[in-house]
Amino acid sequence: MSNFEWPIRVYYEDTDSGGVVYHSNYLNFMERARTEWLRSLGFEQDELITNHQCIFAVHSMQLKFRRPAKFNDLLLLQSRITDLSGASFEFEQKIFRDDELLCEAVVKIACLNSTRFRPMAIPPSLLTEIQGAR
Amino acid sequence: MSNFEWPIRVYYEDTDSGGVVYHSNYLNFMERARTEWLRSLGFEQDELITNHQCIFAVHSMQLKFRRPAKFNDLLLLQSRITDLSGASFEFEQKIFRDDELLCEAVVKIACLNSTRFRPMAIPPSLLTEIQGAR
Amino acid sequence: MSNFEWPIRVYYEDTDSGGVVYHSNYLNFMERARTEWLRSLGFEQDELITNHQCIFAVHSMQLKFRRPAKFNDLLLLQSRITDLSGASFEFEQKIFRDDELLCEAVVKIACLNSTRFRPMAIPPSLLTEIQGAR
Amino acid sequence: MSNFEWPIRVYYEDTDSGGVVYHSNYLNFMERARTEWLRSLGFEQDELITNHQCIFAVHSMQLKFRRPAKFNDLLLLQSRITDLSGASFEFEQKIFRDDELLCEAVVKIACLNSTRFRPMAIPPSLLTEIQGAR
(Lines give C-alpha, C1' and ligand atoms only; values in the text may rest on other atoms or scores of the structure.)
Protein backbone atom coordinates (compact mmCIF):
# COMPACT_ATOMS: atom_id res chain seq x y z
CA MET A 1 0.00 0.00 0.00
CA SER A 2 1.48 3.28 -1.04
CA ASN A 3 2.53 6.09 1.26
CA PHE A 4 1.64 9.70 0.55
CA GLU A 5 4.40 12.07 1.67
CA TRP A 6 4.02 15.75 2.49
CA PRO A 7 6.65 18.09 3.97
CA ILE A 8 5.72 20.57 6.71
CA ARG A 9 7.91 23.27 8.17
CA VAL A 10 7.63 24.11 11.90
CA TYR A 11 7.05 27.82 12.56
CA TYR A 12 6.94 29.75 15.84
CA GLU A 13 3.13 29.51 15.91
CA ASP A 14 3.48 25.71 16.25
CA THR A 15 5.76 25.73 19.29
CA ASP A 16 5.17 26.30 22.99
CA SER A 17 7.23 27.63 25.85
CA GLY A 18 8.57 24.14 26.53
CA GLY A 19 10.62 24.77 23.38
CA VAL A 20 8.88 22.10 21.30
CA VAL A 21 5.86 21.71 19.04
CA TYR A 22 2.64 21.92 21.08
CA HIS A 23 1.09 18.46 20.98
CA SER A 24 -2.24 19.32 19.37
CA ASN A 25 -0.48 20.93 16.42
CA TYR A 26 0.62 17.51 15.20
CA LEU A 27 -3.07 16.86 14.55
CA ASN A 28 -3.21 19.98 12.39
CA PHE A 29 -0.18 18.76 10.46
CA MET A 30 -1.88 15.39 9.93
CA GLU A 31 -5.04 17.07 8.69
CA ARG A 32 -3.01 19.15 6.23
CA ALA A 33 -1.42 15.94 4.94
CA ARG A 34 -4.82 14.23 4.53
CA THR A 35 -6.09 17.30 2.64
CA GLU A 36 -3.10 17.15 0.30
CA TRP A 37 -3.55 13.40 -0.12
CA LEU A 38 -7.14 14.00 -1.24
CA ARG A 39 -5.94 16.74 -3.57
CA SER A 40 -3.33 14.36 -5.02
CA LEU A 41 -6.23 12.02 -5.88
CA GLY A 42 -7.97 14.87 -7.68
CA PHE A 43 -10.49 15.84 -5.00
CA GLU A 44 -10.92 19.26 -3.46
CA GLN A 45 -12.83 19.29 -0.19
CA ASP A 46 -14.70 22.49 -1.02
CA GLU A 47 -15.99 20.83 -4.21
CA LEU A 48 -16.92 17.68 -2.26
CA ILE A 49 -19.13 19.88 -0.07
CA THR A 50 -20.64 21.74 -3.03
CA ASN A 51 -21.14 18.73 -5.27
CA HIS A 52 -21.76 15.92 -2.79
CA GLN A 53 -22.67 17.64 0.53
CA CYS A 54 -19.90 15.49 1.92
CA ILE A 55 -17.38 16.39 4.61
CA PHE A 56 -14.80 14.27 6.38
CA ALA A 57 -14.70 14.30 10.15
CA VAL A 58 -12.24 12.68 12.51
CA HIS A 59 -14.13 9.90 14.28
CA SER A 60 -11.34 8.65 16.54
CA MET A 61 -7.57 8.70 16.90
CA GLN A 62 -4.81 6.85 18.67
CA LEU A 63 -1.71 8.99 19.09
CA LYS A 64 1.81 8.33 20.26
CA PHE A 65 4.13 11.27 20.82
CA ARG A 66 7.62 9.76 20.64
CA ARG A 67 10.05 12.66 20.35
CA PRO A 68 9.54 16.42 20.22
CA ALA A 69 9.77 18.45 17.03
CA LYS A 70 11.34 21.87 17.39
CA PHE A 71 11.12 25.30 15.81
CA ASN A 72 12.40 25.37 12.24
CA ASP A 73 12.34 21.58 11.80
CA LEU A 74 11.36 20.36 8.37
CA LEU A 75 9.04 17.43 8.99
CA LEU A 76 7.88 14.72 6.65
CA LEU A 77 4.33 13.44 6.99
CA GLN A 78 3.68 9.89 5.79
CA SER A 79 0.06 8.86 5.34
CA ARG A 80 -1.45 5.65 4.09
CA ILE A 81 -4.92 4.13 4.07
CA THR A 82 -5.12 1.02 6.25
CA ASP A 83 -8.85 0.35 6.13
CA LEU A 84 -11.77 1.40 3.99
CA SER A 85 -15.50 0.86 4.25
CA GLY A 86 -18.35 2.49 2.37
CA ALA A 87 -18.68 5.38 4.81
CA SER A 88 -15.31 5.64 6.57
CA PHE A 89 -11.63 5.02 6.18
CA GLU A 90 -8.62 4.64 8.40
CA PHE A 91 -5.22 6.22 8.03
CA GLU A 92 -1.90 5.44 9.53
CA GLN A 93 0.05 8.69 9.76
CA LYS A 94 3.65 9.15 10.84
CA ILE A 95 5.69 12.30 11.34
CA PHE A 96 9.41 12.10 10.73
CA ARG A 97 12.37 14.46 11.05
CA ASP A 98 14.92 12.83 8.77
CA ASP A 99 14.92 9.18 9.87
CA GLU A 100 13.56 9.88 13.31
CA LEU A 101 9.92 9.01 14.04
CA LEU A 102 8.44 11.80 16.16
CA CYS A 103 4.74 11.06 16.25
CA GLU A 104 2.41 8.39 14.91
CA ALA A 105 -1.33 8.02 14.74
CA VAL A 106 -4.14 5.81 13.60
CA VAL A 107 -6.96 8.06 12.45
CA LYS A 108 -10.46 6.95 11.59
CA ILE A 109 -12.29 9.33 9.27
CA ALA A 110 -16.04 9.31 8.76
CA CYS A 111 -17.82 10.65 5.72
CA LEU A 112 -20.62 12.93 6.94
CA ASN A 113 -23.39 14.90 5.36
CA SER A 114 -22.16 18.50 5.50
CA THR A 115 -25.40 19.99 6.84
CA ARG A 116 -26.78 17.30 9.14
CA PHE A 117 -23.46 15.74 10.26
CA ARG A 118 -24.89 12.26 9.68
CA PRO A 119 -22.86 9.37 8.22
CA MET A 120 -23.17 9.06 4.47
CA ALA A 121 -21.60 6.88 1.78
CA ILE A 122 -18.31 8.04 0.32
CA PRO A 123 -19.07 9.39 -3.18
CA PRO A 124 -18.40 6.52 -5.65
CA SER A 125 -15.88 8.47 -7.76
CA LEU A 126 -13.81 9.14 -4.65
CA LEU A 127 -14.21 5.60 -3.33
CA THR A 128 -12.80 4.28 -6.58
CA GLU A 129 -9.79 6.57 -6.35
CA ILE A 130 -9.10 5.63 -2.74
CA GLN A 131 -9.28 1.94 -3.60
CA GLY A 132 -6.85 2.53 -6.43
CA ALA A 133 -4.47 4.40 -4.15
CA ARG A 134 -4.22 1.53 -1.66
CA MET B 1 -17.07 55.69 29.17
CA SER B 2 -17.08 52.44 31.01
CA ASN B 3 -14.51 49.69 30.69
CA PHE B 4 -15.49 46.07 30.34
CA GLU B 5 -13.02 43.77 32.12
CA TRP B 6 -12.44 40.11 31.43
CA PRO B 7 -9.75 37.85 32.91
CA ILE B 8 -7.88 35.38 30.71
CA ARG B 9 -5.40 32.74 31.82
CA VAL B 10 -2.37 31.96 29.63
CA TYR B 11 -2.03 28.24 28.85
CA TYR B 12 0.75 26.35 27.04
CA GLU B 13 -1.20 26.51 23.78
CA ASP B 14 -0.81 30.32 23.85
CA THR B 15 2.96 30.40 24.18
CA ASP B 16 5.81 29.86 21.73
CA SER B 17 9.36 28.61 22.00
CA GLY B 18 10.56 32.15 22.73
CA GLY B 19 8.98 31.54 26.16
CA VAL B 20 6.23 34.13 25.73
CA VAL B 21 2.71 34.43 24.34
CA TYR B 22 2.77 34.15 20.54
CA HIS B 23 1.77 37.57 19.23
CA SER B 24 -1.33 36.62 17.25
CA ASN B 25 -2.87 35.00 20.31
CA TYR B 26 -3.41 38.44 21.86
CA LEU B 27 -5.92 38.98 19.04
CA ASN B 28 -7.75 35.83 20.11
CA PHE B 29 -7.82 37.10 23.68
CA MET B 30 -9.25 40.42 22.47
CA GLU B 31 -11.93 38.67 20.46
CA ARG B 32 -12.91 36.59 23.52
CA ALA B 33 -13.24 39.82 25.50
CA ARG B 34 -15.42 41.44 22.82
CA THR B 35 -17.62 38.31 22.78
CA GLU B 36 -18.03 38.50 26.55
CA TRP B 37 -18.72 42.25 26.34
CA LEU B 38 -21.55 41.54 23.89
CA ARG B 39 -22.83 38.80 26.18
CA SER B 40 -22.74 41.23 29.11
CA LEU B 41 -25.06 43.50 27.10
CA GLY B 42 -27.44 40.57 26.60
CA PHE B 43 -26.47 39.59 23.06
CA GLU B 44 -25.31 36.17 21.93
CA GLN B 45 -23.55 36.14 18.57
CA ASP B 46 -25.15 32.89 17.45
CA GLU B 47 -28.58 34.48 18.05
CA LEU B 48 -27.50 37.63 16.18
CA ILE B 49 -26.77 35.41 13.17
CA THR B 50 -30.01 33.47 13.47
CA ASN B 51 -32.27 36.44 14.21
CA HIS B 52 -30.56 39.28 12.33
CA GLN B 53 -28.18 37.59 9.80
CA CYS B 54 -25.57 39.80 11.41
CA ILE B 55 -21.94 39.00 12.15
CA PHE B 56 -19.12 41.20 13.37
CA ALA B 57 -15.86 41.22 11.46
CA VAL B 58 -12.60 42.93 12.31
CA HIS B 59 -12.15 45.68 9.71
CA SER B 60 -8.78 47.03 10.88
CA MET B 61 -6.49 47.07 13.90
CA GLN B 62 -3.58 49.01 15.29
CA LEU B 63 -1.54 46.95 17.72
CA LYS B 64 1.30 47.71 20.10
CA PHE B 65 3.07 44.83 21.80
CA ARG B 66 4.73 46.41 24.84
CA ARG B 67 5.82 43.57 27.08
CA PRO B 68 5.52 39.80 26.77
CA ALA B 69 2.99 37.74 28.68
CA LYS B 70 4.20 34.35 29.87
CA PHE B 71 2.84 30.90 30.55
CA ASN B 72 0.47 30.82 33.51
CA ASP B 73 -0.03 34.59 33.66
CA LEU B 74 -3.49 35.74 34.63
CA LEU B 75 -4.24 38.62 32.28
CA LEU B 76 -6.91 41.28 32.49
CA LEU B 77 -8.52 42.48 29.29
CA GLN B 78 -9.96 46.00 29.32
CA SER B 79 -12.29 46.92 26.47
CA ARG B 80 -14.22 50.08 25.80
CA ILE B 81 -16.12 51.54 22.87
CA THR B 82 -14.44 54.68 21.51
CA ASP B 83 -16.53 55.24 18.40
CA LEU B 84 -19.87 54.11 17.05
CA SER B 85 -21.63 54.56 13.75
CA GLY B 86 -24.69 52.83 12.32
CA ALA B 87 -22.68 49.98 10.78
CA SER B 88 -19.42 49.82 12.72
CA PHE B 89 -17.82 50.51 16.05
CA GLU B 90 -14.36 50.98 17.42
CA PHE B 91 -12.84 49.48 20.52
CA GLU B 92 -9.83 50.36 22.56
CA GLN B 93 -8.53 47.17 24.13
CA LYS B 94 -5.72 46.80 26.63
CA ILE B 95 -4.15 43.71 28.13
CA PHE B 96 -2.71 43.98 31.62
CA ARG B 97 -0.81 41.71 33.99
CA ASP B 98 -1.44 43.36 37.34
CA ASP B 99 -0.59 47.03 36.71
CA GLU B 100 1.63 46.33 33.74
CA LEU B 101 0.31 47.14 30.27
CA LEU B 102 1.39 44.33 27.92
CA CYS B 103 -0.50 45.01 24.72
CA GLU B 104 -2.92 47.59 23.40
CA ALA B 105 -5.06 47.87 20.32
CA VAL B 106 -7.55 50.00 18.51
CA VAL B 107 -9.98 47.67 16.75
CA LYS B 108 -12.58 48.69 14.22
CA ILE B 109 -15.45 46.23 13.92
CA ALA B 110 -17.87 46.17 10.99
CA CYS B 111 -21.36 44.74 11.11
CA LEU B 112 -21.77 42.42 8.11
CA ASN B 113 -24.52 40.37 6.62
CA SER B 114 -23.67 36.81 7.64
CA THR B 115 -24.18 35.26 4.21
CA ARG B 116 -23.04 37.95 1.77
CA PHE B 117 -20.38 39.58 3.99
CA ARG B 118 -21.69 43.03 3.04
CA PRO B 119 -21.93 45.94 5.50
CA MET B 120 -25.30 46.21 7.22
CA ALA B 121 -26.78 48.38 9.93
CA ILE B 122 -26.26 47.26 13.51
CA PRO B 123 -29.61 45.85 14.73
CA PRO B 124 -31.43 48.71 16.58
CA SER B 125 -31.84 46.77 19.83
CA LEU B 126 -28.09 46.20 19.97
CA LEU B 127 -27.26 49.75 18.90
CA THR B 128 -29.32 51.06 21.80
CA GLU B 129 -27.48 48.84 24.26
CA ILE B 130 -24.06 49.84 22.92
CA GLN B 131 -24.98 53.53 23.18
CA GLY B 132 -26.08 52.96 26.75
CA ALA B 133 -22.84 51.18 27.58
CA ARG B 134 -20.67 54.07 26.44
CA MET C 1 -12.24 8.42 42.31
CA SER C 2 -13.11 12.05 42.13
CA ASN C 3 -13.75 14.05 38.99
CA PHE C 4 -12.28 17.49 38.46
CA GLU C 5 -14.67 19.73 36.52
CA TRP C 6 -13.74 22.82 34.52
CA PRO C 7 -16.00 24.91 32.27
CA ILE C 8 -14.75 26.14 28.90
CA ARG C 9 -16.52 28.50 26.52
CA VAL C 10 -16.22 27.96 22.76
CA TYR C 11 -15.08 31.10 20.90
CA TYR C 12 -14.76 31.77 17.17
CA GLU C 13 -11.04 30.90 17.29
CA ASP C 14 -11.99 27.32 18.24
CA THR C 15 -14.32 26.67 15.31
CA ASP C 16 -13.76 25.86 11.66
CA SER C 17 -15.67 26.46 8.45
CA GLY C 18 -17.56 23.20 8.97
CA GLY C 19 -19.41 25.17 11.65
CA VAL C 20 -18.04 23.12 14.56
CA VAL C 21 -15.05 23.04 16.90
CA TYR C 22 -11.91 22.04 15.00
CA HIS C 23 -10.91 18.63 16.29
CA SER C 24 -7.44 19.44 17.63
CA ASN C 25 -8.85 22.22 19.80
CA TYR C 26 -10.44 19.62 22.07
CA LEU C 27 -6.87 18.65 22.99
CA ASN C 28 -6.20 22.26 23.97
CA PHE C 29 -9.33 22.26 26.12
CA MET C 30 -8.15 19.05 27.80
CA GLU C 31 -4.74 20.52 28.50
CA ARG C 32 -6.35 23.60 30.07
CA ALA C 33 -8.39 21.31 32.30
CA ARG C 34 -5.30 19.34 33.37
CA THR C 35 -3.51 22.62 34.15
CA GLU C 36 -6.42 23.75 36.32
CA TRP C 37 -6.56 20.33 38.00
CA LEU C 38 -2.88 20.69 38.94
CA ARG C 39 -3.57 24.21 40.18
CA SER C 40 -6.49 22.90 42.28
CA LEU C 41 -3.98 20.57 43.97
CA GLY C 42 -1.76 23.56 44.75
CA PHE C 43 0.81 23.13 41.96
CA GLU C 44 1.73 25.73 39.36
CA GLN C 45 3.55 24.34 36.34
CA ASP C 46 5.92 27.29 36.08
CA GLU C 47 6.99 26.62 39.68
CA LEU C 48 7.38 22.90 38.94
CA ILE C 49 9.84 23.86 36.21
CA THR C 50 11.72 26.34 38.38
CA ASN C 51 11.81 24.24 41.54
CA HIS C 52 11.91 20.69 40.17
CA GLN C 53 12.98 21.01 36.49
CA CYS C 54 9.85 19.00 35.83
CA ILE C 55 7.42 19.31 32.93
CA PHE C 56 4.51 17.16 31.90
CA ALA C 57 4.30 15.93 28.34
CA VAL C 58 1.55 14.02 26.62
CA HIS C 59 2.93 10.55 25.94
CA SER C 60 -0.09 9.06 24.14
CA MET C 61 -3.81 9.59 23.69
CA GLN C 62 -6.87 7.70 22.57
CA LEU C 63 -9.59 10.04 21.37
CA LYS C 64 -13.21 9.58 20.39
CA PHE C 65 -15.05 12.48 18.81
CA ARG C 66 -18.74 11.69 19.39
CA ARG C 67 -20.65 14.87 18.60
CA PRO C 68 -19.55 18.31 17.49
CA ALA C 69 -19.38 21.33 19.78
CA LYS C 70 -20.39 24.63 18.25
CA PHE C 71 -19.59 28.31 18.56
CA ASN C 72 -20.73 29.78 21.88
CA ASP C 73 -21.27 26.41 23.58
CA LEU C 74 -20.42 26.27 27.25
CA LEU C 75 -18.61 22.98 27.71
CA LEU C 76 -17.81 21.07 30.85
CA LEU C 77 -14.53 19.20 31.06
CA GLN C 78 -14.42 16.20 33.41
CA SER C 79 -11.00 14.84 34.29
CA ARG C 80 -9.97 12.05 36.59
CA ILE C 81 -6.80 10.09 37.24
CA THR C 82 -7.15 6.44 36.24
CA ASP C 83 -3.57 5.28 36.69
CA LEU C 84 -0.45 6.51 38.44
CA SER C 85 3.13 5.34 38.47
CA GLY C 86 6.26 7.04 39.74
CA ALA C 87 6.96 8.83 36.47
CA SER C 88 3.64 9.01 34.65
CA PHE C 89 -0.08 9.15 35.11
CA GLU C 90 -3.17 8.52 33.07
CA PHE C 91 -6.27 10.65 32.79
CA GLU C 92 -9.72 9.94 31.54
CA GLN C 93 -11.13 13.18 30.18
CA LYS C 94 -14.64 13.82 28.91
CA ILE C 95 -16.17 16.89 27.33
CA PHE C 96 -19.86 17.52 27.88
CA ARG C 97 -22.41 20.05 26.69
CA ASP C 98 -25.13 19.71 29.31
CA ASP C 99 -25.74 15.95 29.50
CA GLU C 100 -24.37 15.22 26.07
CA LEU C 101 -20.94 13.60 25.78
CA LEU C 102 -19.09 15.24 22.88
CA CYS C 103 -15.57 13.91 23.16
CA GLU C 104 -13.64 11.54 25.37
CA ALA C 105 -10.02 10.66 25.77
CA VAL C 106 -7.56 8.54 27.67
CA VAL C 107 -4.38 10.59 28.07
CA LYS C 108 -1.08 9.28 29.36
CA ILE C 109 1.16 12.00 30.78
CA ALA C 110 4.88 11.55 31.37
CA CYS C 111 6.93 13.54 33.83
CA LEU C 112 10.03 14.80 32.00
CA ASN C 113 13.12 16.72 32.88
CA SER C 114 12.46 20.21 31.50
CA THR C 115 15.85 20.62 29.82
CA ARG C 116 16.73 17.13 28.61
CA PHE C 117 13.18 15.84 28.00
CA ARG C 118 14.06 12.56 29.75
CA PRO C 119 11.63 10.71 32.06
CA MET C 120 12.00 11.64 35.72
CA ALA C 121 10.17 10.77 38.90
CA ILE C 122 7.14 12.88 39.79
CA PRO C 123 8.21 15.19 42.67
CA PRO C 124 7.14 13.47 45.94
CA SER C 125 5.05 16.38 47.19
CA LEU C 126 3.01 16.28 43.98
CA LEU C 127 2.81 12.48 43.95
CA THR C 128 1.29 12.58 47.42
CA GLU C 129 -1.33 15.11 46.35
CA ILE C 130 -2.24 13.13 43.24
CA GLN C 131 -2.62 9.96 45.30
CA GLY C 132 -4.86 11.84 47.71
CA ALA C 133 -6.97 13.19 44.84
CA ARG C 134 -7.75 9.73 43.48
CA MET D 1 12.67 47.58 -3.43
CA SER D 2 12.13 43.94 -4.06
CA ASN D 3 9.16 41.88 -2.94
CA PHE D 4 9.57 38.47 -1.37
CA GLU D 5 6.72 36.13 -2.33
CA TRP D 6 5.58 33.06 -0.45
CA PRO D 7 2.52 30.88 -1.16
CA ILE D 8 0.33 29.62 1.68
CA ARG D 9 -2.55 27.20 1.46
CA VAL D 10 -5.60 27.69 3.70
CA TYR D 11 -6.51 24.56 5.68
CA TYR D 12 -9.50 23.86 7.93
CA GLU D 13 -7.46 24.79 11.01
CA ASP D 14 -7.25 28.37 9.67
CA THR D 15 -10.98 28.92 9.22
CA ASP D 16 -13.80 29.70 11.62
CA SER D 17 -17.52 29.00 11.68
CA GLY D 18 -18.15 32.23 9.77
CA GLY D 19 -16.77 30.25 6.81
CA VAL D 20 -13.64 32.38 6.40
CA VAL D 21 -10.09 32.55 7.71
CA TYR D 22 -10.07 33.60 11.37
CA HIS D 23 -8.52 37.07 11.48
CA SER D 24 -5.55 36.35 13.76
CA ASN D 25 -4.37 33.58 11.44
CA TYR D 26 -3.33 36.17 8.86
CA LEU D 27 -0.69 37.21 11.40
CA ASN D 28 0.59 33.64 11.50
CA PHE D 29 0.76 33.60 7.70
CA MET D 30 2.73 36.86 7.78
CA GLU D 31 5.15 35.49 10.33
CA ARG D 32 5.71 32.38 8.18
CA ALA D 33 6.49 34.66 5.23
CA ARG D 34 8.97 36.72 7.28
CA THR D 35 10.64 33.49 8.42
CA GLU D 36 10.99 32.33 4.82
CA TRP D 37 12.26 35.77 3.77
CA LEU D 38 15.01 35.48 6.40
CA ARG D 39 15.78 31.96 5.21
CA SER D 40 15.99 33.24 1.61
CA LEU D 41 18.69 35.65 2.83
CA GLY D 42 20.58 32.73 4.34
CA PHE D 43 19.57 33.17 7.99
CA GLU D 44 17.91 30.57 10.18
CA GLN D 45 16.26 31.95 13.29
CA ASP D 46 17.36 29.05 15.48
CA GLU D 47 20.97 29.78 14.50
CA LEU D 48 20.46 33.51 15.16
CA ILE D 49 19.45 32.59 18.71
CA THR D 50 22.35 30.17 19.18
CA ASN D 51 25.02 32.32 17.55
CA HIS D 52 23.83 35.85 18.31
CA GLN D 53 21.28 35.50 21.17
CA CYS D 54 19.03 37.43 18.85
CA ILE D 55 15.29 37.03 18.33
CA PHE D 56 12.83 39.10 16.35
CA ALA D 57 9.67 40.28 18.04
CA VAL D 58 6.70 42.10 16.60
CA HIS D 59 6.77 45.60 18.08
CA SER D 60 3.62 46.99 16.44
CA MET D 61 1.28 46.36 13.53
CA GLN D 62 -1.32 48.16 11.48
CA LEU D 63 -3.73 45.75 9.85
CA LYS D 64 -6.47 46.11 7.26
CA PHE D 65 -8.72 43.13 6.57
CA ARG D 66 -10.18 43.84 3.14
CA ARG D 67 -11.78 40.62 1.95
CA PRO D 68 -12.08 37.19 3.52
CA ALA D 69 -9.95 34.22 2.50
CA LYS D 70 -11.73 30.87 2.50
CA PHE D 71 -10.94 27.21 3.05
CA ASN D 72 -8.70 25.76 0.35
CA ASP D 73 -7.61 29.14 -1.04
CA LEU D 74 -4.04 29.33 -2.24
CA LEU D 75 -2.77 32.68 -0.99
CA LEU D 76 0.28 34.64 -1.99
CA LEU D 77 2.14 36.60 0.66
CA GLN D 78 4.12 39.62 -0.53
CA SER D 79 6.64 41.09 1.90
CA ARG D 80 9.07 43.93 1.52
CA ILE D 81 11.23 45.96 3.85
CA THR D 82 10.12 49.60 4.03
CA ASP D 83 12.36 50.85 6.82
CA LEU D 84 15.50 49.71 8.55
CA SER D 85 17.40 50.99 11.56
CA GLY D 86 20.19 49.37 13.56
CA ALA D 87 17.82 47.56 15.91
CA SER D 88 14.52 47.27 14.06
CA PHE D 89 12.96 47.04 10.65
CA GLU D 90 9.59 47.56 9.10
CA PHE D 91 7.76 45.36 6.64
CA GLU D 92 4.87 45.97 4.36
CA GLN D 93 3.04 42.68 3.93
CA LYS D 94 0.12 41.94 1.63
CA ILE D 95 -1.95 38.82 1.20
CA PHE D 96 -3.42 38.12 -2.22
CA ARG D 97 -5.71 35.51 -3.72
CA ASP D 98 -4.94 35.80 -7.41
CA ASP D 99 -5.17 39.55 -8.08
CA GLU D 100 -7.38 40.28 -5.13
CA LEU D 101 -5.86 41.98 -2.09
CA LEU D 102 -7.32 40.34 1.03
CA CYS D 103 -5.26 41.75 3.88
CA GLU D 104 -2.41 44.20 4.30
CA ALA D 105 -0.18 45.16 7.17
CA VAL D 106 2.67 47.36 8.23
CA VAL D 107 4.73 45.40 10.74
CA LYS D 108 7.53 46.80 12.85
CA ILE D 109 9.98 44.16 14.03
CA ALA D 110 12.44 44.71 16.87
CA CYS D 111 15.66 42.80 17.35
CA LEU D 112 15.76 41.59 20.96
CA ASN D 113 18.20 39.75 23.13
CA SER D 114 16.75 36.24 23.36
CA THR D 115 17.13 35.87 27.12
CA ARG D 116 16.47 39.36 28.47
CA PHE D 117 14.05 40.58 25.77
CA ARG D 118 15.93 43.89 25.54
CA PRO D 119 16.57 45.71 22.24
CA MET D 120 19.89 44.83 20.64
CA ALA D 121 21.62 45.70 17.38
CA ILE D 122 20.83 43.54 14.38
CA PRO D 123 23.89 41.28 13.79
CA PRO D 124 26.07 43.03 11.15
CA SER D 125 26.09 40.07 8.74
CA LEU D 126 22.30 40.09 8.70
CA LEU D 127 22.06 43.88 8.50
CA THR D 128 24.23 43.80 5.38
CA GLU D 129 21.99 41.20 3.76
CA ILE D 130 18.83 43.13 4.59
CA GLN D 131 20.29 46.30 3.14
CA GLY D 132 21.20 44.39 0.01
CA ALA D 133 17.69 42.96 -0.28
CA ARG D 134 16.04 46.39 -0.23
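Think of it as A, B, C and D in the order they're written, each chain with its own count starting at 1.
The rule is simple: a residue touches a chain if its C-beta (ideal position, glycine included) is under 8 Å from a C-beta of that chain, and two chains touch if they have at least 3 such contacts.
Bear in mind that the values here come from a model prediction, so they are computed numbers and not experimental data.
In terms of C-beta pairs in contact, the better-connected of the chain pairs A-B and A-C is A-C.
Among the remaining chains, the Cα-based centre furthest from that of subunit D is the centre of C. Centroids of subunit B and subunit C (each the mean of its C-alpha atoms) stand 27 Å apart. Inter-chain centre distance (subunit A to subunit C, centres taken as mean C-alpha positions): 23 Å. Computed centre separation for the pair subunit A/subunit B is 33 angstrom, with centres defined by C-alpha atoms. In subunit D, the residues touching two or more other chains are 12-13, 18, 20, 24, 28, 31, 70-71. In the complex of the two chains, the subunit C residues touching subunit D come out as 12-13, 15-20, 22, 24, 70-71. Put simply, subunit A touches subunit C in their complex at residues 18, 20, 23-25, 27-28, 31, 55, 57-65, 68, 114, 117. Looking at the complex, you find that subunit B touches subunit C at residues 9, 11-13, 28, 31-32, 35, 44-46, 70-72.
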